[in-house]
Amino acid sequence: MTESAYPPISDQLEELESAQEEGRRKMDWATQHMPILEAVREEFVADQPFEGERIAMAMHVEAKTAVLVETLAEGGAEVAVTGCNPLSTHDDVSAALDTHENITCYAKRGVDDEEYYEAIEAVIAHEPTVTVDDGMDLVAAIHEDYPELIDGIVGGAEETTTGVHRLRAMDEDGALDYPVFAVNDTPMKRLFDNIHGTGESSLASIAMTTNLSWAGKNVVVAGFGYCGKGVARKASGQNANVIVTEVEPRRALEAHMEGYDVMPMAEAAEIGDVFLTTTGNRDIIVEEHFEAMKDGVLLANAGHFDIEIDLEALSDLAVDTYEARDGVEAYEMDDGRRLNVIAEGRLVNLAAPVSLGHPVEVMDQSFGIQAVCVREILENPDEYDAGVHDVPDELDKEIAEIKLAAEGVDFDSLTDTQRDYMGSWDHGT
Amino acid sequence: MTESAYPPISDQLEELESAQEEGRRKMDWATQHMPILEAVREEFVADQPFEGERIAMAMHVEAKTAVLVETLAEGGAEVAVTGCNPLSTHDDVSAALDTHENITCYAKRGVDDEEYYEAIEAVIAHEPTVTVDDGMDLVAAIHEDYPELIDGIVGGAEETTTGVHRLRAMDEDGALDYPVFAVNDTPMKRLFDNIHGTGESSLASIAMTTNLSWAGKNVVVAGFGYCGKGVARKASGQNANVIVTEVEPRRALEAHMEGYDVMPMAEAAEIGDVFLTTTGNRDIIVEEHFEAMKDGVLLANAGHFDIEIDLEALSDLAVDTYEARDGVEAYEMDDGRRLNVIAEGRLVNLAAPVSLGHPVEVMDQSFGIQAVCVREILENPDEYDAGVHDVPDELDKEIAEIKLAAEGVDFDSLTDTQRDYMGSWDHGT
Amino acid sequence: MTESAYPPISDQLEELESAQEEGRRKMDWATQHMPILEAVREEFVADQPFEGERIAMAMHVEAKTAVLVETLAEGGAEVAVTGCNPLSTHDDVSAALDTHENITCYAKRGVDDEEYYEAIEAVIAHEPTVTVDDGMDLVAAIHEDYPELIDGIVGGAEETTTGVHRLRAMDEDGALDYPVFAVNDTPMKRLFDNIHGTGESSLASIAMTTNLSWAGKNVVVAGFGYCGKGVARKASGQNANVIVTEVEPRRALEAHMEGYDVMPMAEAAEIGDVFLTTTGNRDIIVEEHFEAMKDGVLLANAGHFDIEIDLEALSDLAVDTYEARDGVEAYEMDDGRRLNVIAEGRLVNLAAPVSLGHPVEVMDQSFGIQAVCVREILENPDEYDAGVHDVPDELDKEIAEIKLAAEGVDFDSLTDTQRDYMGSWDHGT
Amino acid sequence: MTESAYPPISDQLEELESAQEEGRRKMDWATQHMPILEAVREEFVADQPFEGERIAMAMHVEAKTAVLVETLAEGGAEVAVTGCNPLSTHDDVSAALDTHENITCYAKRGVDDEEYYEAIEAVIAHEPTVTVDDGMDLVAAIHEDYPELIDGIVGGAEETTTGVHRLRAMDEDGALDYPVFAVNDTPMKRLFDNIHGTGESSLASIAMTTNLSWAGKNVVVAGFGYCGKGVARKASGQNANVIVTEVEPRRALEAHMEGYDVMPMAEAAEIGDVFLTTTGNRDIIVEEHFEAMKDGVLLANAGHFDIEIDLEALSDLAVDTYEARDGVEAYEMDDGRRLNVIAEGRLVNLAAPVSLGHPVEVMDQSFGIQAVCVREILENPDEYDAGVHDVPDELDKEIAEIKLAAEGVDFDSLTDTQRDYMGSWDHGT
């Protein structure tokens, strides 16, 4: 195995033992509320489907992800894991994970850019047979810097919209050299993770960072994809007046037909109280918008990267900046207006000081799919060419059925007559 | 041209002139609220894209559809049209359409089965070059009984979920011999027609047929496809307590995660006050369910065919049946319970006496797509093989943009930087 | 008894028998869905609390009210009844009521002003001991023209917000000479009748009159009292974008905090698609507003009187008016804009051609209170001085309990410990 | 002045200076988002209405309350303040307040019972002329132990439902010896504080304490008063399935008619995932309920006192208890089920570790009323007898108008014609 100088978390932390205990306590709570992974883990422990495999992971290392990491490890894999965002790691969870005999964890909160990439290289140095990404850092680094490893990689899985988007671009360029499941694109992932997960946790994070209310606020949601829909719907459910900005006419029309105000950001900037970007694109809120905003507005981002709010331009405009609250940086304009940026414009439901990331149950569904995708690529490697693959419907349904059973929700089955009917076309009015 | 003995509506109606006037007044109202078709019609009148073509249509003949029929006719086509449901025709609108020099209309309300199919044959006798269906009656009849016409047909368009479902089954069997656009499957059609159209108009039809309230009612929605979602959401918005039944685990889970009660129909039957089927499948509410229901329940269907509620079984169970109200047939059980079936279990937003079908604006969007699909198949016939085709995204977007412009809703455009970013994948965290 | 020349409905109708049958069928349907009145009727039939009393009623005479009229009659009263709005009477129901041996019914649809007041006088000629009003026509006429009857009147009950408002003004002037229960002001009445009843039925009436959709529409609701709240909430639940106008700062703030847009009518006029007045006040939409409106807007009123939309001013502005649809009068402006007035600006959920009035269940609650109020005033006449009286809480609770029992809804009771706690104040943190 | 040995916070804290700075920073944030108090403060600074008065306060001492305390102090009063709940004090805010020359602050987090009451006595030792309570601790202590001070007290104001409830009981016993404004009972307070404030902040506190989701959860809300309505509505807006328990039939019916499931707690206990008590009464969730609950449920209280969940009984049932997370105590049953109690059953939006109390804007409204009530009682002392008084409507409206102006929301005014109409009753149909 290639050597890497970068040490696992256990070699970096002081007061390691108490961190491990605290991390374990967090993981226990998550485990209690992740019935899907619990069911999958039982199966994996019995079947050992990952015997002899090496799984490399770059994920937000906190309690919920840790349950996925353990689930894979207990299926027999050797797992190496690091963070996918310098601010989202919980060091205690990282430390707790690192105690598992099959797991090496390199994630540490607050590392600088150099350390961040060293940790990714340390994970890659384990010479993975499978990669699991949240933002395609591993896929990118392997293709760019370690192409010699690609032959040994059976496949991968990618968690986010943004990562899948970039993978598809790479695939179209013919530059993706092994199969990767687009976990993000499953109905399960989109509906539950993006709509309920991003929606609920972004709003709760902002509320608990600012102590402000949603009722009667003009909340500007940039983007009406699944994340934007989630944020809009949940904000509406807290009695906010939601304004949507979009660039795709059908989504703009969809938002309009649901009763939201739709307008260009240049107009929304003048009336918004809170701005939430969810587009996955860059430069959504820029200089001209900052100049039009009211005093005291809140700016936050629920997209993967911190490129949606142009903080550089905002800094240039500001005559002063200061920490108004934990997790809130105030930018004071020369006319006295204060624009408050939450969590440095990073993914707000992960990066704000109080943030806990997606709700446990939502990640349970998302990670359940990840787990069965890893099983699938290893069981049926020949069925998947290099490139981006949709998650097979049967896996998605398997997870839904596990979840419904865990919630005690019963539902109907097609009768034979109904099944025949669905397949027939030769009858009249 | 093949001859058909079946006469157009003008030869069937007494008091023809007043019917024509009334029909025209209905069409005028619709036209006022159909800005998409209005914009498309202007283009067609100028370009005459259908010069020399013969379009056969089997649609619900009422005011809104009539605006589509006219729009196609004014694009230069000779149009022959009949109904797709014996109860949904408005004779006055049918008569008004028949006055147009390019249009022959055979639709008549309340025809029997034999007449219904004679009218379809009369339409087919025009030897169409294009078919436009709502339930694939024309496609089915042509393939079964007039295969010799297929060579002359450039293509078709199908409006409903059910029709598309049957066409796909036919396509998979290799039995569909010309290209048909699945208009139903566009995002525009599904979101607006199914969710808003079916949702709003089914509930309003039931309310205005029964004079009953939704608030506090247990409303059982069978199926959580687009129609079911629409009915569930709108009923919830009228303060009903919505219960969903499903057979697909992901849809069942989606409904559960949105906060609806999910359960098998056998359980729902015991507590429901109103039952609405939206599945497109048969035998959704059957004998065992009737036996479990409370006194006074309402039963209605929002799916295409009247096969979802097993009325034969209900008749067998009943000791008496009588018309409780216009559009409501009461079935009295031997224990005194009365089960009230609305509009004979036919598509409730079309077949109830007060029903007006989908809202005008919703049909404007749906028919706008129909119109540009007909244009597309005639402009680019070589691009489409025999089989079911998705509506090209660009057509769908074209309609969305026309609608937003008509509503005065402005939205953002991607900047060049953003467009580049969406296509790139080579940047870091 | 004073004589009156005005004849009961039975002496006015042709084809009386078929009208009676049709009216009875309508009443049967209502009775099935009015479990509260059913329970009250059983009690009245057994106790005969109104033996020897004469009850005068001026109400919207349709199926639901008829069940109240019968309930009072079966409690032993002689009942004389007429309409409270020339457009809301169903002649068939009126005829069916008139067949009851204890009931004389004078209500007829479409009477002119003179006949309307003659019918009121005919009712008063029965020399009532109790009056039941919907809009205080009886109270007003008796005080103005028949003061000699007041000594014989034990008390009355008033159904509407507007009527109660006028009675309170009269009471403050010292001009109300017998006790009247303000049925409108009970929590039950306000919450269910105004919010659910007015909300649901106004929207359904407009939808089924116009065949238009609510989704994405700017719906301007004038007034944020109980009726306005109901309309706003239900319109929001159909995915409209609701705009509220108000004159009371706390209600304006309440609407704002619920996420609605709040603005003056002069601004709302420019962007509204549908306007619904619910204020109970006059001149809510006037000339300056008509001038600002978009082409094709809908104007409707859900307040008691047709004074909220200034139709006189609208007529003066119009260059042409015509019936655009049954129940829709179009006013064409000189710049071509068409403003569509629904049901002549009268109470839209009663006066539109398709309208059925409030939902049956909602009126069951409201009329249940009416029935026990009449019982109360006759059982305890000495407890109520001349003037407006709130409905005693116990009556209101009695009706709620009857309804919950009928719906099969069980709820908790206070334990003795809890009851003690609610009355104590001597304990610490 | 009476002497008290209990020291102000400044004499109790180490690292006082940094605490003062941090407290000031928190207060600055609050001040930015409290436009009502800002407007009121400007008026008070100019008018000095409290010159020579001594105001005693027992409130939750955190940033928002601190702005009220300062506002009163800057109106010229000498203010002495302590906490009203041992867990709700922020020591840094307390320290910052104590630096104001007119303010002495005794509140300290985590004091024991003895210290808690000593601090109350220390406040009373300032011999107040006005009391401001949140839970009537000051009123109770003064009446019980310092009756000699009552002659010097002009009046008071009480913030909470529970406090007002107890004051009314005291008043009915003839035991309340000075006038107290029931700030809780104003429309403003109820609608915004209880519905939006309690609703939003309770749910956000629970979400951020547990990292769990609301979507699809069975959330049992005990009590359907204003707080219960708020919690139910906001939970529904996060896609929870809400179940309501009640003892008052009209509230039970109201909840039922809004589409919520209503049932006794004994039934709800079996299916609930989260339980939230909002009744203000005791013993809402007791032994029989604990025994029926599912594994992993969450139990929280949003009522004033920690008496709604019977933790003593729960402790007796448990075989083990441990801290599952910060702010979550797990009670393990002998059958392995774990019941998780949040914030020790205390007011969850104040007492959970992450909690920040009500949103700033909501408290701005509530405290705005407090401020003008104190002004009112001092300006017009002779108009208020001993006993509980409703806040005069004009004060409530004054605050609403200040708020609307601050939010830039314009609204209509009655015209003279309309005002006349509202006062008249002498016109017909």
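Points to keep in mind about this one:
We just call them A, B, C and D in the order they show up, numbering each chain from 1.
By definition in this document, contacts are C-beta pairs under 8 Å (C-beta built on N, C-alpha and C of every residue); 3 or more make two chains touch, one makes a residue touch a chain.
Chain by chain, the UniProt names read as follows: A, B, C, D = Adenosylhomocysteinase.
Because the structure is predicted, anything quoted here is derived from the model rather than measured.
Among the pairs A-C and A-B, the greater number of C-beta contacts is found at A-B.
Same-residue interface: chain A (Adenosylhomocysteinase) and chain D (Adenosylhomocysteinase) share over half of the residue numbers found at their contact. Once the centre of each chain is set as its mean CA position, chain A (Adenosylhomocysteinase) and chain B (Adenosylhomocysteinase) turn out to be 39 Å apart.
Here the spacing of chain A (Adenosylhomocysteinase) and chain D (Adenosylhomocysteinase), counted between their Cα centres, is 37 Å.
Distance between chain A (Adenosylhomocysteinase) and chain C (Adenosylhomocysteinase), defined via averaged C-alpha coordinates, is recorded as 53 Å.
Across the assembly, chain A (Adenosylhomocysteinase) contributes residues 192, 196, 215-216, 236, 239, 256-257, 407 that each touch 2 or more other chains.
Residues 84-86, 116, 135-137, 140, 165-167, 169-170, 173, 187-188, 191-192, 196, 245-250, 252-254, 256-257, 262-265, 267, 281-283, 305, 396-397, 400-401, 403-404, 407, 409-415, 417-418, 421-426, 428-429 of chain A (Adenosylhomocysteinase) are the ones that touch chain B (Adenosylhomocysteinase) when the two sit in their complex.
Of all the residues in chain D (Adenosylhomocysteinase), the ones that touch chain B (Adenosylhomocysteinase) in their complex are 215-216, 236, 239-242, 256-261. Remark: chain A (Adenosylhomocysteinase) residues 25-26, 28-30, 32-33, 63-64, 192, 196-197, 200-201, 203-205, 207-208, 210-216, 234, 236-239, 296, 324-325, 328, 338, 354, 356-357, 359-362, 407 touch chain D (Adenosylhomocysteinase) in the complex.
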